[in-house]
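Below, chain A partners chain B and then partners chain C, in two separate complexes.
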Partner chain A sequence: MKVLQLASRNVIRSSHRTMVTTLAMAFACAMMIVFSSLMEGFIVGSERNIVSMNTGDIQIHQFGYRDDPDIYKQIEQSSELVVAIRQAGLMASERLFAYGLMASDNSSSGVQLRGIDLDFESTVTQINQHIQTGDWLDTADPHGVVIGKKLARLLDVSIGSELVFVGQTADGYMANDSFHIRGVLKSVSAEIDNSGVIMSNTMLQDLISLPDGAHEITIIRSDRNTDLDAAVQTINALVGDDLEVLNWQQLMPVISQFLETAQVQSLIMLLFTYIAVASVVLNAMLMSVFERIHEFGIMKAVGVRPWQLIRIIYAETFIQTLLASILGLLLGVSITWYFVRYGLDLSSLSEGISFAGLALDPVWYAAWSFESLLSPILFLFVMTTVAVIYPAIKAAVIRPVDAIHHH
Partner chain B sequence: MNNFLRTKSSYRVLLFLLLSIFSQWITAEPIEQDSERVHDLLNEVDDLWRGKSSYAITTMQVKTEHYTRSMKMEGWSKGKEQTLFKVVEPLREKGTVTLKSGNHIYTYLPKTDRTIKLTSGMMMGSWMGSHLTNDDLVKEARLEEDYDASISFEGERDGQNIIEFSLIPRLDAAVVWGKLVLIVLADSHIPLVEYYYDEDMLLARTISFSDIKMIGDRERPAVLRVVPADKPDEFTEFTYLHLEFDLELNDRLFSLSSLKRR
Partner chain C sequence: MESEIVQLRNVRKIYQQGEVQVNAVDEVSLSIHQGDFAALCGPSGSGKTSILNLIGGLDTVSSGQVRLEGVDLSTLSNTALSEVRKNRIGFVFQSYNLIPVMTAYENAAFVLDLQGATKTECHERVMKTLADVGLQGLENRRPDEMSGGQQQRVAIARAIVTHPAIVLADEPTANVDSHTAESLLDLMQTLNEQHGITFLFSTHDQRVIDRAKRIIQVQDGQIVSDEHKA
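And then the complex of A and B:
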């Protein structure tokens, strides 16, 4: 009780020193919170772009379809299969693909038509919420399509523009129809950005005269915390050996490795940041103790025991660290909130990076996570505890006469 | 003895020199003649279906693993660079026009009332669901420009007197084939078969010509059958129902603005 009283009195008495030390720690803490939130945002954002915008957790294809996307390589009885997968407690949706030429008034480009199940696609991906301009598909407007952002620029089109598709139907005739643009997507993947034209699968079936079947079934776990391998096994049991069942890491091996590396990289970066912060904190605490060796000598001379002195120094440190954490948390959270909401706009530096099929948004958003808020604070406490060991012991064992004459 | 040997060897030298000069003379002359003859023959084959200008009615039958279809079309050509096809049947594609003008291919689509210029990315795509690509349409009339032709066989084979041409692409030619082999009848110069080899010199497809009969002013094969080497059960077959040559065709026929009106 007495220790706390003394410590808080010390802290308040030398308000200038307290302020400098506390602010240094608070600033460091805030920076760490912002930095780890940004790293978290990068990893979560990339994974979301892959899994929740496009691949889902697991996909089913006909063997060989991914290497050679032939419209005849369909999944037989896909609608029954999808129902069975849903009954097994997973979300599933069918997709159909076709390739051809899309022409606008001024330009034309090879495109990938993506026919999606409007009722179920939103259960497996969030691509419908990833619209940059315009609206998502609507069953009432079958000729309205949503296209990738780079394709929109390439074709020089905007919402409402007319597009004409030319390709081939499954029975060897010309597939030809006109569409209009309902929406333009944000960055999803290199493939969708550059050539993706999304429409309902019924519209696409009509266009390419393919009455039933799908080329791809995309599956997602209802609860993302359940085991992915177990889900793959469930699907395998339903599907049999005739179809290829792969999880997203197998579908996107380069990106999944890249994200794993990114996680390690961010840990290393954090470590360096922490070390830099630690030296600041260490320095501040050392100064604040050594500055008062004279004072501690007098305290010892009036009968304060070494152990009590250590406790007083630690109490002071904890009061300051607590103060710094609260300040740091407030500052860090508000800066992070800004980056979560508005992002860090890097578009002046580069215009969207795409890497191995993964398109990175030029606006870098931060993401909230429990760890990125808690770990900097925890680290700060550990750091100060370690930092004060040396000066505290030094103060505790010093002979009063030496201390009083210490300058 | 010694003397005799020396004389013999000098004879040998003389003989060798004579032979080499002679053989040079022998080979040099025919090569000169050959290239002119090859040129004339290939032109003759080219002109079989083309002339200065032409009008044709053909049917196209396509059989693939997944579908069988047939269609009927009208075609006009003028010179080597201008060709126009218009689908007459089936109703589903009636009025679809393909215009080849120089290096470009345009398609007019009646359903959407639009004319689309095919991009380079579409060139290897199938033309109207057949075994021909759009690139074939662009390249077909440029054999002489893109290939070095030579006669690789002349004489009797399988009971027929034939001439076999080998066409090797020039180094700077933008072609997808490694070699073309064209076999024509020796006396009438009517083509029998044409083999297309890919860049690895493996047979990629065969075009065979049959049903030789009087069409227009001379005998011509009325049927062309394209068979891809990797899918021997599939084919695209063109049958000429009607063929006319050297008509007066206005250049405007081959202009973009005329596509809609056709």
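And then the complex of A and C:
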């Protein structure tokens, strides 16, 4: 029996129902491709914001520094350690922190000064490429600083504005100096956005009179596909038990768990959407079976076996699902392409969204991934296959004598 | 005497309608022979269609035996019954009952295709059968492009193309005008006389009764007379 031929003609025969069912499936498929791609974009963007903008893969601190960022809890001989880490095939950079009050002409605010190694910071993070306005730091301009976007708004300053810092040096004296703004960052993290002032670590060493050591060493793998745990073990072997070595998932546990569950959330969303679609398919196929009970009865009377009827029903569903997948893919890819390129601008809803210390970009970009395109289509096929079990069995168990006299 | 194709022995068929039991077929014994052109006659509800359904393996007996070419149909599984219907029985129904998305050729070839006939064999037999039933040149028409008479001819072609042991025709002239009915009866009579195809009708159409060589009168589920015409 030419099942596909018969099924395709049946699909065309009920063109109105086929169109409604197929469009419903295609629309759901397209929306799920867009949703999955936006979720993928959210995950990629969040990981980038965490790892590539600030945290790196691994950080080293003195034990207790993260809970109590005391200026004296330094990593001794940090430069030698950084060299050893680089020799182990990883990239590393030192950071120094200090806290105090920063004042502009109009306002003042508590700030975190972040002294970075201008030669090596760009090897571990891409924060230098994350400038919203102005320029990145320059060794030729030691008093030029880059600040967080919310801090800039709070201090009511712009590029070139003067700032005065007041704090404490490592030897207990008052630290003060004036700076000017070279650049303002895009959203990185709640901490940097609200209070971050970035400068060269040599400038900060001078300011707080702390000539040696660092508070933090940030490390990143050369190859993102290598095992993170293995990299942590390498670092542990170098530092011994004296220092705390944590990967980014340990540093940002809430975000890490949230991102891990984001994929699951996406699948759950997929499931609920397709359960709704499955009910449409189930309804359409049931109608299709009930309309043709008489016809199925005749087919069974002349010798068509139950499983052959099941094959016809499944072939009809397969054709519609295939059609819906193609349409859904075309529509979904088109919309996703727009969101990959231009993003979904949520800035009118909220100026700055942050979650567990992670600043979210107000423009939400989608990201391409094989899974975000394939999963919605696979799910669609699985759900329609499940939805059609009942109508197919219904058709298969029809008694020909009843069906022939059914009107 | 021609060989027996169908044997009914003390067949009963009881339907349950709510709390009432209806004896649709009541202790019927009957034989249909090779080459018969027989009509089960009787008023509506007399049980003639029920007898046809039992012979065709579309329904099962409550008691008694229906044998087709010596095989007791009550012993067969649903799958085996499907095989019997596919290979040994041709059906012609009251309202043509063609598959609407198939052409005349495809409808006629449908059961041959189910039997697994080769494309060449299928083509030869279908084209010859369509010519036999007077549908040469209409092979590519779909049911909705044909008259009622032409559709019933396709149904007859579908029934006989597999060379079945018997063709069971349930009120085959009920839905066509008298001219078409006469022409369909001419066709079936010719097929019976020239090709030896056995026909068993269920009918209350006097034109069919007039043409039948054997009249089996059914009333209240029982055979009240069985008359062979001279």
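By definition in this document, the second predicted complex is superposed on the first by the 318 of 407 C-alpha atoms of A that agree within 3 Å, B and C clash if a C-alpha of one lies under 4 Å from a C-alpha of the other, contacts with A are read in each partner's own complex, and residues count from 1 in each chain.
Assume a contact is a pair of C-beta atoms (placed from the backbone, for glycine too) under 8 Å apart; a residue touches a chain by one contact, two chains touch by 3 or more.
All values reported here derive from a predicted model rather than from experimental measurement.
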| item | value |
| --- | --- |
| Which of chain B and chain C A:V166 touches, first, second, both or neither | first |
| Touching partner for A:V401 - first (chain B), second (chain C), both, neither | second |
| Chain B versus chain C as contact partner of A:S109, first or second or both or neither | first |
| Partner chain(s) touched by A:V239 [first = chain B, second = chain C, both, neither] | neither |
| Broader residue contact with chain A after superposition on the shared chain, chain B or chain C | C |
| Touched partner set for A:R9, first chain B, second chain C, both or neither | second |
| Chain B versus chain C as contact partner of A:L286, first or second or both or neither | neither |
| Which of chain B and chain C A:V302 touches, first, second, both or neither | second |
| Touched partner set for A:N176, first chain B, second chain C, both or neither | first |
| Residues on chain A lying within both footprints (that of chain B and that of chain C) | none |
| Contacting residues of chain B [partner chain A, same complex] | 62, 64-69, 92-93, 96, 107, 109, 111-112, 114, 116-119, 121-122, 125-126, 128-129 |
| Residues of chain C defined as touching chain A within the complex | 53, 56, 58-59, 78-79, 82-83, 85-87, 91, 93, 97, 99-102, 110-111, 113-115, 158 |
| Residues of chain A touching chain C in the complex | 1-2, 6, 9-10, 12-13, 294-295, 298-306, 308, 399-401, 404 |
| Of all residues in chain A, those that touch chain B in their complex | 72, 101, 103, 108-110, 164, 166, 168-174, 176-178 |
